[in-house]
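Per-chain numbering from 1; labels A, B, C, D and E assigned in written order.
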Amino acid sequence: MSVETETMPRRVSGSSILNNPTVRSIVIQVSLIVFLVGFTWWIIDNTARNLAAANIASGFDFLWSRAGFDIAITPIAYTSNETYGEAIVIGILNTLIISAAGIALATILGFVVGIGRLSGNFLIRMLSTVYVEIFRNIPPLLVILFWYFGVLSVLSGPRGLEESPIGIYLTNRGLQIPSIIFGALAWASFAAFVVGIVAAIVIAQRNKKHQLATGERKPILWTALALILGLPILVFIVTGVPAVLEFPTANRFNLAGGIQIRPEFIALWLALSIYTGAFIAEIVRAGIMSVSKGQNEAASALGLRRGQALRLVVVPQAFRVIIPPLTSQYLNLTKNSSLGLAVGYPELVAVGSTVLNQSGQSIEIVCIWMAVYLTISLSVSFFMNWFNSKMALVER
Amino acid sequence: QTLDTVKERGQLRCGVNTGLPGFASQNDQGAWQGLDVDYCKAVAAAVFGDASKVQYSPLSAVQRFPALQNNEIDMLARNTTWTMDRDTTLGLAFAGVNYYDGQGFMVKKDLGVNSALELSGATVCVQSGTTTELNLADYFRTNKMDYNPVVIEAQSDVNSAYDSGRCDVLTTDASGLAASRLEMASPENHVILPEIISKEPLGPAVRQGDSQWFNIVKWTHNALLDAEELGVTQENVDEMMTSENPEIRRLLGQDKDFGASIGLSKDWAVNIIKAVGNYGEIFERNIGVNTPLEIQRGQNALWTKGGLQYGMPIR
Amino acid sequence: MEEQVFQYVSKDQKAALPPPASEVGAFGIVRRNLFATPVDSILSIAAGLFVLWAAWSIFQWAVLDAVFTGEDREACLVEGGGHGGACWAFVEAKFGQFIYGTYPFAERWRVDFLFVALVLLVAGVAIPKVPYKRLNAVLLFGVFPVLALVLLTGGRFAFSGGELALLFLIAAAVTISDVSSEPQVGFHSLPVKIALGATLLAFVAILLSNFVSARSFEFLDFRFTLLSLISFLAAVVALGLVVFVGVMARRGEGNVARLFFPAAAVILFLFLMSTNFGLPQVPTNFWGGLMLTLVVALSGIGASLPLGILLALGRRSDMPAVKLLSVVFIEFWRGVPLITVLFMANFMLPLFMPEGVTFNQLLRACVGVALFSAAYMAEVVRGGLQAIPKGQYEGADAMALTYWQKMRLIILPQALKLVIPGIVNTFIGLFKDTSLVYIIGLADLLGTVRRGFNDPNWITPSTPATGLIFAAFIYWLFCFSMSRYSIYTERRLDTGHRS
Amino acid sequence: MSLPNEAAAKGDAGTTRPTKMQVSDEVAVQMVDVNKWFGEFHVLRDINLTVHRGERIVICGPSGSGKSTTIRCINRLEDHQKGKIVVDGIELTDDLKKIDEVRREVGMVFQHFNLFPHLTILENCTLAPIWVRKMPKKKAEEIAMHYLTRVKIPEQANKYPGQLSGGQQQRVAIARSLCMNPKVMLFDEPTSALDPEMIKEVLDVMVGLAEEGMTMICVTHEMGFARQVANRVIFMDAGQIVEQNEPHAFFTDPQHERTKLFLSQILH
Amino acid sequence: MSLPNEAAAKGDAGTTRPTKMQVSDEVAVQMVDVNKWFGEFHVLRDINLTVHRGERIVICGPSGSGKSTTIRCINRLEDHQKGKIVVDGIELTDDLKKIDEVRREVGMVFQHFNLFPHLTILENCTLAPIWVRKMPKKKAEEIAMHYLTRVKIPEQANKYPGQLSGGQQQRVAIARSLCMNPKVMLFDEPTSALDPEMIKEVLDVMVGLAEEGMTMICVTHEMGFARQVANRVIFMDAGQIVEQNEPHAFFTDPQHERTKLFLSQILH
């Protein structure tokens, strides 16, 4: 038997072009795409036919027609004469406002409770655990409804209230606080405030340089406080106190004057913060625990004080672990703010559903919702990817 | 072709309010009752001769039009205001007006308010996505008054927000106000203000483009009115079959088969009246003065009695 | 003191002494845990007072001032209009509704039965010690859903010819893929080729039948159009041929019975679904309460896991189109709030369907929830897939396993086991999210509770709080037990047999 | 096709083979001018290698020289970009069917065993026979027990891989490959992840296999093993076959500078 | 402070010290009847230990015998419940000020290095001088570079700990402690987490330190190191000091049964 015949490839029966992985993968992908395109076309076709059959107008033109309804909370001027488009903008702004407020409070709550869960104090630990375990396991919608219907609604009404000396009232119409009306010269105090901040920053920078150069450290806290708070107050007094407080007063129906924070906002804000705070607490706890005990011990052994060890060693390491999940919690909070619909807080989804209902343009409204939320989510995840790659610990 | 589908399914799908006493609400046994519900029953009786073949879909204000557009229901009998916008761009067709209504206000008695024009600065509870919401904005605007809107999606939630003191004023259709007052913890503490700020013709609606089905609903409504006008009631309908009055004979299908022209049986109107009575009976049974709602016929009296209800002649 | 010298040898073993009081004992523990430093002491006192106050207020609200029985609101109203304690009488009166919604009284045994079955099956699958895991899993994932569908609705589904054809088409496809992996068969043998052709024909026909409107007629008690009939017949022919080929090929050795499974499953399914068992029908708008919550959650869970696995595999695929589509799909659903998804399912899904096709509202909500959680599930599963070492893939490749065999037998079992905690957490999220369906008008647990406190018979200041706390407790019970289970499995896997 | 080194190798094999078995004339694996790139990096350069049925080949060489890549090409865990690889008469191309067929005939043992941790030892061994060879489970288990006995761990059949020592795991990996009744066995540094005591037990199994006449291609630095069983030792460096010879000559009289250097490092 | 055992220790120290350096009379660390409990568990029982300036003590003993606890008490990473610990003339009590002062004078090297992964090697070394000793950054960096050169890795100064091998990391840890210019260095099994090749490089650095006269207390099982540099070897078991002696005598002629047993296990 010669080598030549031996090495002749044996033909395998039934070899087929379909057995080539490249061909296969192309066939699969092309059929998938064809299927999807077909499916999409089928949906669009159906939708168009359905819309035509029901005689429903489509397109985004409706955004420029008169809205005709009022919105309860309007961060920018809005009347019922404005357009649907502007109503939706109000909704977006309200979404951003509630998200920002919620994120701020949830972060504070989460950090306090997260650190509390690691406290040496049994009571604090137990309280924190109870909080986390309760609120992580309850739907956020329920928490919102609880605040709105269970707590705020059953407060007493605004009429027949005893007058409060500090002008702060909590009623079933919300929280009413005095507002400050500034006089003409008030700009000087604002300017002083800004100047104070700038000066404090400059001094802090100088101190830092000084410290690097000589090793000495000067306390900055009091100087900074004096600059940032004292200076404006001083200017304020010197310019003759150019502001008056406007206290809420009862009129026939409501408390008028001052600033009113509506119960819809309060309920949504508290509920979102408390709900998200429970998750943030877990993230913070995990972040701190991810910094090994050894790191703390090493810092102590070097003579760093507890505060210094926290600031220089533990926190920078914990933050790398905390920030990515924290951002996704922030995103969740923003998405959950859409539950404002349930209590009538006019955020994007609530306003959108009113518009949807008044104009009947369901497809367009749903598209607007999705586009807005997707924009927010995607920009945040791009930021996160960038952040993660920047902050990753260097490893071999 | 809606008629075919309905017949094939053996049930009429009827969209109703999620709960508005007198118009559509569930009793303790879960059975639906009310003026709108009776309209559903009437259509079912006309189609099947059996008023119980209805499947009710309780719908919120936001859901009602999509539900109709998406074929989830065959007709919408849910105190819906007939407006041009809805008639044209939303693809609805209103089959008639089963209740002439207007938007009003209700306030707590102890506020001492006597007129809607005193309401400047008040907090007003209103359902979202309704004509009510639009009228409210317009009314306060034209009268140069301020208000705080509290906009909530379901009418029952609007009511409870008002009752718990979240708002000073509740606004909705006057009939709705009467119904809502019953839902208050103490109905006697609330007054309905005299102003009626809008026209709210409420009526059953169907999808556009199916004229046969549209006719069925439209003529069911007319038959109910004609029956009242002719004095045909649930009680006497059998006797009336033998009546000499040509109008009654036409209504009850004794002379000519009008049912065939809308794809129904000859005794379609008889079935309707046997099932639910005539319009007047429906009215009195559900919302009339002898019910807790205590609503007068008023504008809803027959044209012969100074009202607006006018049944088109069957001939 | 003992003298210590440079060279030192201890003479005796020192006995362990009891610790000083500061270290143990009630006093020591209290001191260390509560009063270690002055700040700690202040915190402890403040927290202690808070705990006492909170516990007392809760106790007062829930027990002391609470009303436990009563016919209507009168029982729960407080003299003078203030708000009293919890109105448990309200929960008691509405309890049936909270659990079953408006499901007819006479038929509630069906729900009860399913609930008991569910509890037993889940326990069987979830508790490691219980035997017959495989059987349990088959019952839970294969039999229970069909049973639940028949029992809850009352069965007697009317299938159109198109649906019939589709089911047989799927069965044919599954059988073909099974048979053609047989070494001595393959795609090239003539009968398989014919079967393949027939399947393709069936597929094209069923696709076309969606676009072309045609007259329908009765055949075998099903309403077919011409195209769907062609599709049905082609699928049946393909199925028959392929089963025949498989039986011939496996004669003597190999598992012949398995070839009949898909066909048998389809026929059994059709039989169960369309037979009249004498159960009155209960349309879905009578469903409500906890039962509806569970229906939405369980169907979401059931659908999102397989979908999520497919998406995760797609995202790790090396086919760019598949990967891109998976990524887009996942990121889309993860980027939007569930509520908008539900609105979309509710308002837009029906518009997407051809005229005359209607989708039950409950079904639409389930579809929305399932798609939404599938995206989250996909990311969890992907994490597991990434944790499997490359050697496992290579080991499977070297043994000539096909892609799907490799995934099903080697990779997924390991990956899924790794991410059980993540999966359970997704389930918890999904369970909580089901509460949103009330916004699109379904009366789930939260929805019925809310409808309850608009009931004029029960309007009191304390009704809403009572109802909401009751609902919160139920949700909490479910979610908390799931999270405990997830922690438990995590620990078990940690100490499990993997070294 | 006749290659310059082939005749030599064959001739050698006939005369200096240290073990008692005969090498047949049939060709089990043939690589002709195989070239492979990883991106820009040219890993395999004109590899020519003919392995006859029953031959035992040992491949050695410095780290990164392409040994693993060479044998991974033989069962197509890596694809080559130029040249021809014929295994058991089947040429390896993109054709998936053929790849499957080749893999069914070629067993492979990895450095890190790659046992499936979620399956018992027995299930590890029966998996491929059942799913790839479509064997009834009973029969597959019989075969598995046979080979497990052969590698001397039948009593571990129902344990999980995590419960076994490294040496035992590697023996299971060998048994698992044998269960598919392969014509050629590939070993990629099967002992380098093991502790010294365990190396021996694995090598014993491999020697046993060799004595039964299994065609083996083995990447290893166990020179004792090479001396004892190999027909040929191949030395690779920088992606090419630098030298090949029968073991005795290879170790005592390396020709190439690089081989000498390598052997001086590895033999102590 | 004059303690009864002090004189004895001094006397001994004069005659049997194996290395060339002188031990001063000054006491660096003194533990008197130290007792410690972890909850119910009595870990340290009447520990008496006097370490003079310049002395090198090696502590050994079975796992769990309280070695780590003993040295962790010296810089108050653990607190003791009974007895007295005086470091560099400062008695350790709950007084935070004093604890800070002691920690500034005592360097510690851990088994797992405990470098700060988010800081470069240089920043690891300058952190404490800058923040604790309030040194200007420039100067701190000079000192750090000095000690990094001393442990032979000046070129790694700008890398991160994650990029270094274990041995290099441990050397950085030593340099980091030295940057604080401590009077006493504590080592808690500094080599036990390292691969054999790396152990040597770390021990070399420690021997160098010892030769320069640093006071060292070292928990280790490296008996070669103990023989080479220790003045005294202390054997602990079950929370007490069972035996102590100068290394030669300790290894060749252990007195206590438990010491004999332990040594037989550890020396091969």
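Assume contacts are C-beta pairs under 8 Å (C-beta built on N, C-alpha and C of every residue); 3 or more make two chains touch, one makes a residue touch a chain.
From a predicted model like this one, the values you see are computed outputs, not experimental measurements.
Asks: Going by the stated contact rule, which chains contact subunit C and subunit E alike?
Replies: Chains that touch both subunit C and subunit E, as defined above, are A.
Asks: Among the remaining chains, which ones contact both subunit D and subunit E?
Replies: Joint contacts, listed by label: A, C.
Asks: Counting one step for each move to a touching chain, how far apart are subunit C and subunit D?
Replies: When the steps are counted carefully, the minimum from subunit C to subunit D is 1.
Asks: Which chain would you call central, comparing Cα centres to the global Cα centre?
Replies: That would be chain C.
Asks: Report the chain whose mean Cα position is at the greatest distance from that of subunit E.
Replies: B
Asks: Measuring between Cα centroids, which chain is at the maximum distance from subunit A?
Replies: D
Asks: So, what's the distance in Å between the C-alpha centres of subunit B and subunit A?
Replies: Those two chain centres are 44 Å apart.
Asks: Provide the C-alpha centroid distance between subunit B and subunit E, rounded to the nearest whole angstrom.
Replies: So the centre of subunit B lies 91 Å away from the centre of subunit E.
Asks: Taking each chain's centre as the mean of its CA atoms, how far is subunit A from subunit C in angstrom?
Replies: Chain centres of subunit A and subunit C, defined by C-alpha means, are spaced 29 Å apart.
Asks: Based only on mean CA positions, could you tell me how far subunit B sits from subunit D in angstrom?
Replies: Each chain reduced to its C-alpha mean, subunit B and subunit D end up 85 Å apart.
Asks: When you check subunit C against every other chain, which residues touch at least two of them?
Replies: Answer for subunit C, listing residues that touch two or more other chains: 186, 347, 350-351, 355, 450, 453, 461, 464.
Asks: On subunit D, where are the residues touching two or more other chains?
Replies: Residues 97.
Asks: Do you know which subunit B residues sit against two or more other chains?
Replies: 66, 69-70, 160, 164
Asks: Give the pairs of chains that touch; include all such pairs.
Replies: A-B, A-C, A-D, A-E, B-C, C-D, C-E
Asks: Would you mind writing out the residues of subunit C in touch with subunit B in their complex?
Replies: Counting only subunit C, the residues touching subunit B are 73, 102, 283, 285, 346-347, 350-351, 355-356, 358, 361, 440-441, 450-451, 453-454, 456, 459-461, 464.
Asks: So in the complex, the part of subunit C that touches subunit D is made up of which residues?
Replies: Its residues touching subunit D are 182-183, 186, 250, 253-255, 391-392, 394-402, 405, 409-410, 413-414, 417, 497-499.
Asks: Going by the contact rule at the top, pick out the subunit D residues touching subunit A in the complex.
Replies: So the residues of subunit D in touch with subunit A come to 1-2, 6, 25-27, 30, 32, 86, 88-91, 93-98, 101.
Asks: Inside the complex, what are the residues of subunit A that reach subunit E?
Replies: Subunit A reaches subunit E through residues 211-217, 292, 294-295, 297-305, 308, 312-313, 316-317, 320, 393-396.
Asks: Touching residues of subunit A toward subunit C in the complex: what are they?
Replies: Subunit A reaches subunit C through residues 13-14, 16, 18, 25, 28-29, 32-33, 36, 38, 42-43, 46-47, 49-51, 53, 120-124, 126-127, 133-134, 136-143, 145-146, 149-151, 153-154, 335-336, 338-339, 341-342, 349, 353, 356, 362-363, 366, 369-370, 373-374, 376-378, 381.
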